[in-house]
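One chain, chain A, appears in both complexes that follow, with chain B as partner in the first and chain C in the second.
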Partner chain A sequence: MESKSFPGVVASLDGLRDYVDELSRQAGLAKKATYGLKLAVDEIATNIILYGYEKAGLVADFRVLSEITEQELIVILEDEAAAFDPLANQMPDASDLSKSLEDREIGGLGIFLTIKGVDNFSYEYFNGKNRNVFVMKKQQS
Partner chain B sequence: MKVTLTDQEEITVVEVTGDIDSKTAPEFERNAKLATDRNDKIAIDLTAVEFMSSAGLRVLLMVYRNIKSQNGKVILVGVSEDIQDVMSTTGFINFFKIVGTVAEAVVILKQD
Partner chain C sequence: MAFKIETVIEEHTAKMTLHGELDSLSARVFMTEIEKLAGQPIEVLVLDMEELDFMSSAGLRVLIFSKQKIGTHLSIYIVKPQELIVDTLEKTGLHHSVTIVDQYPV
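Entry: the complex of A and B
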């Protein structure tokens, strides 16, 4: 697995997206898939930075682990914040998403876009760390 | 990311250049708020925006609510295919008119 660390601040998001771009290029992902993955990683990293770290007064890095296999690109965001499962929160459903913008709650859009953007998203707490796992299937040639 | 406000008669054009994420969204929000304070007819030009996260959608929601409460009108310009996909998935696309150029937006906004 390849590994790269980023300081846990919002200023890291730009470089993080560039890094995901580069990994997607190496894996040969299509443009649409690359955007979906980039958005997913950005949304989860934002939660880690704003809530896991800044709100908790924690100054720490987060790590991006990645692996390109024959079939997949696997990207893992690993952080040291308190255990937090993004899938445990309630997500907007079809009726929420068809509501007028005047009436709707804005929460949960990030995790919704995360799940929509990737082929598989999962979460685990391992060795005192949160691991958010994003999997993209490579295109069959 | 950079935001420029330009007034064209009774219309304010908000031109955004660069990515809108949780670092840059507050600056986008500040300028969008200035625009809606100034005018109730707004064009938001996203031609030079490649990436927009849910932080940007939140700003669009705020703009929509501000404009709606003033009986005004907002038009988005030059929204990339990727961003339009995100707007469809989240149902945002139904609430915004999207056109290709600022000139088109100005013509429509001047009509009413």
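Entry: the complex of A and C
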């Protein structure tokens, strides 16, 4: 697995997206799949940085682990914040998504876009670290 | 790519041109521009997104905030958003609350 660390600050998001772009290019992902993965990784990294680190007063890096197999690109965001399963939160449902802007809740859209943007998203807490796992299937030629 | 925003206010219309990538860092800049409009008699918000390459949920939250902050009478037009940004607006149902156009005035 390839590994790259980023400082746990919002200013890292730009470089993180560039890195995901590069991994997607290496895996031969199409433009739409690349954008979906980039959006998903950005959303989860934002939560890690803002809530896992900044709000908790924790200064730490987060790591991106990646692997390109014959069938898929696997990207793992690994952080040292307190255990947090993004899938444990309630997602907006069809009724929430049909609400007008003035009646909308501000939160909940990030994890929704994460799940919609990738082929598979999962979470595990392993060795004292949160691991958010994103899987994109490579295009079959 | 670095985020950039330009705002022009003419009568009751605020036009903002967004460039680059809108994430949770740049959304703070976008939010500040929206906050400046609060209390002004703005009826139409035009967001030119032709040169916006990326928008996360932080950008969507500013759209929601703008309607809640400026007022429910506010009409929001999004000019020439890129296909993948339209996809995000559609997935989240926000396309029902804004008008997507090729140019403004329509």
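As a working rule, the second predicted complex is superposed on the first by the 141 of 141 C-alpha atoms of A that agree within 3 Å, B and C clash if a C-alpha of one lies under 4 Å from a C-alpha of the other, contacts with A are read in each partner's own complex, and residues count from 1 in each chain.
Just so we're on the same page, a residue touches a chain if its C-beta (ideal position, glycine included) is under 8 Å from a C-beta of that chain, and two chains touch if they have at least 3 such contacts.
This one's a predicted model, so the numbers in the text were calculated from it and none came from an experiment.
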Clash or fit, chain B versus chain C on superposed chain A: clash
Contacts of A:14 with chain B and chain C, given as first, second, both or neither: both
Touching partner for A:113 - first (chain B), second (chain C), both, neither: both
Touching partner for A:79 - first (chain B), second (chain C), both, neither: neither
Set intersection of chain A contacts, chain C complex versus chain B complex: 10-11, 13-14, 17, 31-32, 35, 38-39, 42-43, 46, 49-50, 97-102, 104, 106, 109-110, 112-113, 116
For the chain A and chain B complex, residues of the former touching the latter: 10-11, 13-14, 17, 31-32, 35, 38-39, 42-43, 46, 49-50, 97-102, 104, 106, 109-110, 112-113, 116
Interfacial residue positions of chain B with respect to chain A in the complex: 19, 21-23, 51, 53-55, 57-58, 61, 64-65, 68, 82, 85-86, 89-92, 95
Residues of chain C defined as touching chain A within the complex: 2, 21, 23-25, 54, 56-58, 60-61, 63-68, 72, 76, 84, 87-88, 91-94, 96-98
Parts of chain A lying in touch with chain C, wherever the complex brings them together: 10-11, 13-14, 17, 31-32, 35, 38-39, 42-43, 46, 49-50, 92, 97-102, 104, 106-107, 109-110, 112-113, 116
